Amino acid sequence: MRSITLFTGQFADIPLEILATKAHQWGFDGLELGGHIDLHKASTSQEYCQEILSLLSKNNLKLFAISAHLVGQAVCDHIDERRHRSILPEHVWGDGEPEGVKQRAAKEVIAAAYAAKNLGIKIVTGFTGSSIWHLLYGFPPIDPQQINEGYEDFAKRWKPILDEYKKCDVYFALEVHPSEIAFDIVSAERTLNAIDNHSSFGFNFDPSHFGYQGVDYIEFLCRFKSRIFHVHMKDVDFDWNHPCEAGVFGGHTIFGDPRRFFNFRSLGRGKINFEKIIRTLNQINYQGPLSVEWEDGDMDREVGAQESLQYVRRLDFKRGNIQFDAAFSK
Amino acid sequence: MRSITLFTGQFADIPLEILATKAHQWGFDGLELGGHIDLHKASTSQEYCQEILSLLSKNNLKLFAISAHLVGQAVCDHIDERRHRSILPEHVWGDGEPEGVKQRAAKEVIAAAYAAKNLGIKIVTGFTGSSIWHLLYGFPPIDPQQINEGYEDFAKRWKPILDEYKKCDVYFALEVHPSEIAFDIVSAERTLNAIDNHSSFGFNFDPSHFGYQGVDYIEFLCRFKSRIFHVHMKDVDFDWNHPCEAGVFGGHTIFGDPRRFFNFRSLGRGKINFEKIIRTLNQINYQGPLSVEWEDGDMDREVGAQESLQYVRRLDFKRGNIQFDAAFSK
Amino acid sequence: MRSITLFTGQFADIPLEILATKAHQWGFDGLELGGHIDLHKASTSQEYCQEILSLLSKNNLKLFAISAHLVGQAVCDHIDERRHRSILPEHVWGDGEPEGVKQRAAKEVIAAAYAAKNLGIKIVTGFTGSSIWHLLYGFPPIDPQQINEGYEDFAKRWKPILDEYKKCDVYFALEVHPSEIAFDIVSAERTLNAIDNHSSFGFNFDPSHFGYQGVDYIEFLCRFKSRIFHVHMKDVDFDWNHPCEAGVFGGHTIFGDPRRFFNFRSLGRGKINFEKIIRTLNQINYQGPLSVEWEDGDMDREVGAQESLQYVRRLDFKRGNIQFDAAFSK
Amino acid sequence: MRSITLFTGQFADIPLEILATKAHQWGFDGLELGGHIDLHKASTSQEYCQEILSLLSKNNLKLFAISAHLVGQAVCDHIDERRHRSILPEHVWGDGEPEGVKQRAAKEVIAAAYAAKNLGIKIVTGFTGSSIWHLLYGFPPIDPQQINEGYEDFAKRWKPILDEYKKCDVYFALEVHPSEIAFDIVSAERTLNAIDNHSSFGFNFDPSHFGYQGVDYIEFLCRFKSRIFHVHMKDVDFDWNHPCEAGVFGGHTIFGDPRRFFNFRSLGRGKINFEKIIRTLNQINYQGPLSVEWEDGDMDREVGAQESLQYVRRLDFKRGNIQFDAAFSK
Amino acid sequence: MRSITLFTGQFADIPLEILATKAHQWGFDGLELGGHIDLHKASTSQEYCQEILSLLSKNNLKLFAISAHLVGQAVCDHIDERRHRSILPEHVWGDGEPEGVKQRAAKEVIAAAYAAKNLGIKIVTGFTGSSIWHLLYGFPPIDPQQINEGYEDFAKRWKPILDEYKKCDVYFALEVHPSEIAFDIVSAERTLNAIDNHSSFGFNFDPSHFGYQGVDYIEFLCRFKSRIFHVHMKDVDFDWNHPCEAGVFGGHTIFGDPRRFFNFRSLGRGKINFEKIIRTLNQINYQGPLSVEWEDGDMDREVGAQESLQYVRRLDFKRGNIQFDAAFSK
Amino acid sequence: MRSITLFTGQFADIPLEILATKAHQWGFDGLELGGHIDLHKASTSQEYCQEILSLLSKNNLKLFAISAHLVGQAVCDHIDERRHRSILPEHVWGDGEPEGVKQRAAKEVIAAAYAAKNLGIKIVTGFTGSSIWHLLYGFPPIDPQQINEGYEDFAKRWKPILDEYKKCDVYFALEVHPSEIAFDIVSAERTLNAIDNHSSFGFNFDPSHFGYQGVDYIEFLCRFKSRIFHVHMKDVDFDWNHPCEAGVFGGHTIFGDPRRFFNFRSLGRGKINFEKIIRTLNQINYQGPLSVEWEDGDMDREVGAQESLQYVRRLDFKRGNIQFDAAFSK
């Protein structure tokens, strides 16, 4: 049975000491730190890393991955003060001059690799940002070269980052997600091509971002099996039989609006087929943790984290080693 | 039975003389001119308008609406030379300085109203563009004020345009569509609010842009019934039971790519429920034309236009005026 | 290929001379007379019958069945002046005293048998009424004996009628329908039991009354195969995936209200699987006519009758007499 | 988390002392008294009310609502000795003269308001009966005035009742249900109109009566959000993909017959989407209890009540107060 | 509540002493012995039988049925050394001469009846084999007589066996299954006809073999209600909305291959509607055990057996004995 | 627009002179000869070939392919006199000794290549037979080696045949079909591997054999795009929502039995998505004919052939050569 961890991003306002105690009481096997770690400090201070590891260990929690979603986002994005400033550390934002922000963000993503190394883990999960996400839908007509340039920009900015990851023997796991350079199977393939299949780059598989888009997330696992470095368990609700007022593009509404086509859900209350995901993870021999990323605007998060953990525990299973035939063997 | 017209945008390379002859032979009742009319010239020259009307009349074709989609798009968009230059007339593009382009585009949209007046018709169909479309999905987090500003910008630029439409007694019918200020029911309501329900503004209903988004297009007709100024008959195929490689967000692919979640289709070959649309148009008493916007990357357009016309003819029906009870009356 | 007839009830205001001419021009093979025949007169006057037959013959129209729906309804119903007076001939209504009305209605149904005999046909289609329809749903609790009494009342009133039919060698074909003694498979079985499977009693199969109820109309054909005396082709639209405001019970709305769960439809525009019906009629060897009962509140009835005829012509097919194997034979 | 109560009607043969003990042991938070209270006595005797409250309190059970379903039914119904006598108290039935029964039933419904007041609660749940339910389906043709008269009769009889409720500051919550004046969204709207939206009248929402009818119960909650005074949790099974022998109209069968289209079910074993109901109740801010109305002809009721309670506990959830963005906040 | 037993075939390599202890700890009420019993010995030795019964009894396990699947298979099959030798006891295989093997297999099936008698139970579950299974699909064309001969061969070989069963007052319950003489409803009827409805022959109902074939397993229970002698609870997954690479015919793949259309599953993880099965078993008054046949190539069998037991416990329910009306009774 | 041909196997009893006249009158563009050609004679006599070509030419019919289905079947099958004799020419059957029959059948398949060459065409459609089809389902357990041997036998017998095809520059197009060496995607891949992707071997795509199996026929076209040598248009009906009495394995019933899960159908009356097939054929650039293989046990074959032709004509379409953008171009 795989370890089940809690992604801490949605609990970033709770001090790690407290959250770790709660997570342990709830029954989690570990944490995926998002917002509870100073990447820069961890990249340079073994002592700081040791404190974190001790704290976790005291609560019987394992660590498999840390998150660099927020700084990763700024590497390729068109920097917008009203949107990016709030998600970046002060020292990355600096004077806010876009190119400077992007370069400092890249450095921080590299810091995450060294932080991971210092923490003795292999995985950094995160976002990449994208300079071409806004070209969505494609009207007015898009010069295909514009898309190429977006992937070239990504490659130019991320190859040096990934080379550092390689040095650290750490892997960057992109959460394929709208607003990133990869957000479905086609764009994920193009992303890998753009960086010549850099061996330090792979994916943090999160099915919630695929289901409502109509993307085949089981095929995603099969197609990129050797690149599935980490897995988020996150659910989403949508119902193609009931068209609504704000479609997949969201109608400029905020998450949680009941008029929306999709909203994230506590695990088991949405439409993602986790049974099929678990079986496919078995087939592709994914051995890492299942990290619960809990988000459900209608529900108390502590109640939700617990029911989600129970849901994953019930669903995941010990693999068999007996080959049955159509009927019983002798 | 309503008139069935052909939207000429997809045939813009065929001279109007030839296209009109063909459209008549194919059986259309009229044309919706898109790309076959110089809006500026038509706004100032009665003679030019008369030529157009004669040409149509000679082919037994009626005129109900002209298109200002392309210039409309530039009114609110962030102007991008690689994308907007090719869709704008030289005199609108001018030196390409963004604010200048937007203002000249606004003038051209006003010209379309005068053109319509000179042509003796009431409807200009078109796009509005949007300064906030790129904020789609909403990560990094969006300041709600950013969305408000987008609608304020739209109002500021379009209210003066619509006042001119009112003077001409002509109506602007926005084709609710991704990349426009309105692209579903929620955003359409917000759009109307932003301009205080300006009486000269309504919609060019095109179901193809709603179906694959999961937007309830029948509800759209009911909700905005008095604002349905024009109707496009355009089909689209998608299949929620078959998730694919490039989801609703399109995976940066171009239309026609078989890996896409949706592609436009010759009428009757997609998933739009036109039967229900016809009945709802009857209920809301829409009396205008049904304008075939044909687009299907796999098919010869002349063959397609003809089969689409036949499809609409078969589907539309003469309304009854007898109230049946559960059984026959005496 | 079976004959396709038009049920004339929905055209009762058009004189038979005119309707017959139209029906012939539209392409029908015959008429099922509903509202175009004076049953009493036809039961006594060979001359009157001859006139009708000549009129039909002049228009190349065949006659297979006549309708006694309206008078049949009054045989078992609780008589309500505001509802029944308008559907009954003056001589049946008389002074309106309920028991008297019911008995005179029974006589008129018998007259229909003699009319049929005089016209040289075998089938009278119709309704039976029901003294227990109002006990629908079953709250307050129903004494099962109340239902028994309803079927006993039916048997008491209809057995003598059916005996007369037997004398005439004519069959009464009940249109299984809400508000009748039989309205689904279970109640149809009970109906047959109540009259000891009287050999002169069977069904006018009309799938439109089954589909929206959730009744298996294909099973109906198989279960009662030897009792399928006549077939109505009538369509109905409903969509279980889209719950609505007035459900199957109708919400006290009138037919045609768009808020309703179901509405009758021109053939091919609803949800009835006529393909499967045709094949099952072949299997049970039904050789009678397919009688189009046209009803669609949104559509002109003359346009609708024609498209419905074409729909049935396209669907019905000549039966084969070759047994294919999995592949071609030598 | 809302309180979960048990509606006691299906356990009316078990003395309240015993039932209360069981309910507490099973884990319920309270009872909705149906059949365990003498409304007349409670309306006049504070002592009797105190006894009931003590008994409940002793078992840690809360009281939010009492039921007046049975007497309410007789207010508007056509009184039928074989159906109504068994559901009415002797003093309401009296000599059985219909108009007298109806008026005494109305008085008893008023007594329920005073009983509620004496018990310190705000809600009486119940039925209204209907003088027009039997006009279902609408053949023979219905004079629309007949329907109007039904609603006028309802208004005439219920307005005085509701005025008394207002005096008591108690609310009558109609369980929208077949055989009542309201049984879907359309008839519920008409009901409210008929009594000029009397402020003391609202609804006891019970989804089980909507699902199989094809009525949108989520829309019901949104449409009447300020009038949702009480909620029944009751499940029902049906399967539109499997048409059957006795359709929605029931085929004069009794509940539990396997040939029926729908049958009530222990919670979680039917087709009602309670997840969506809970979320919608959160959105409309319903704060009252969730009252389990258990009915499943196949199952032992004590086992069923317990599994249903557990089902509701698992489903209901504590609401959150944090606004998540698309991703974690800092 | 019915007893829940474990079919031991999939655990044949675990000695009975150990398996019985585990099964008891897991919570099972009994075992269905498959592979853990020497049928020949049990048919002749009361002592051996007593040992088995003691062992079970010591672990609080009941015995309702024993399996003769493997030897049963050889009775009608075309014997193939590479396939049958491994599933047969040495003394049945003997020299492998086909007719001899078949006759010795028949004797062993008879031995199973005597074994059952000695064990004090009534049911032997098993297979029959088939001499015509290979004629599947029917190309090249099959002479209908070939199928007849297959059923005649079955009757010839099994009637004497069944006569012995009758003598022992034991019943043979065929698991209707591909590769047997009966594998769906039609062939099950033909099977019963072939043996003149021999009273000692009935079925071991296992829904997993019907679901993926498109066979109506609920109808199977209703059709053969008096012949349902035993029930296997086994689940299977398939998804008609997702066509795959190896269809129902299996593509010569082995069970567990993810490219297959169907694979067996731990209970509750597949597509079988066990809720409906339980209710139907109640209706037909099946009182025997529910025997978990666990098979899921992806999962550890001990974990799976436990979760499957819990699943069945949760689903099965105590039957009620109160007739509810539409609402509560007094 | 592709040529539409008629496969003549189902009309084998009609002399070619008459059938050709009819096919031309019905509107077909050509014939695929099955049962109307003596392969041996055609392989040796240019004159005979010329006669055939003249006859077709006289009726304006083209020839693209001839069928070797029946003799092909005998190459790998276990020969069974009652099944194979009737489908083989006398000179192939000979004395019926199995190995001899198989070798003579192989020679006849080679003759078909020479016949094709003499007729100036490139394609022979046909079956291969299979020595392992009877191992379907896999119980008793199958030694994987048995399957391997089946493919080896196929390779051994067919490689020499295919080498002769190569010499003739003619291609053998296997109709992937139950009872052949390939019957779905997995087995088709294995088939190609077995013969080292022999360049003269490919497929006659017939979707009717895939749909009811749950095989993804669109994926089949994509996977084997360069090997799609010929296309059969044949429809089949099945309905996964309505489980039945004889499932996919057929219940030993014959085609046409209404209790079956699937039956072949006149084109457009089944469940195959021909629209999607046409578009996919366009994408993979299939330029060959669409050959109507008509089979529908309920329908007259001449009526059916005509309606099927019309169906294909309506569906197939002229490909476009204009790249549309999201909107009209200038």
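Note that the chains are named A, B, C, D, E and F in the order they appear, and that numbering of residues resets to 1 at the start of each chain.
Methods note: contacts are C-beta pairs under 8 Å (C-beta built on N, C-alpha and C of every residue); 3 or more make two chains touch, one makes a residue touch a chain.
None of the values given here were measured: they were computed from a predicted structure.
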item	value
Of all other chains, the one whose Cα centre sits farthest from chain A	C
Comparison of B-C and C-D by number of C-beta pairs in contact, larger one	C-D
Taking each chain's C-alpha mean as its centre, the one farthest from chain D	F
Chain D-chain F separation of Cα centroids, rounded to whole Å	63
Chain centre separation in whole Å, for chain E relative to chain C (CA means)	49
Per-residue overlap in chain C, given as positions that touch at least 2 other chains	86-87, 137-139, 141, 179, 254-255, 325-327, 329
For the chain C and chain B complex, residues of the former touching the latter	7-10, 12-13, 34-35, 69-70, 86-87, 179, 254-256, 258, 264, 266, 269, 295-301, 303-304, 307
Of all residues in chain D, those that touch chain C in their complex	73, 77, 80, 82-84, 86-87, 132-147, 150, 177-179, 183-187, 190, 210-217, 219, 238, 240, 242-255, 259, 261
Interface residues, chain F side, partner chain B - complex	275, 279-280, 282-283, 317-330
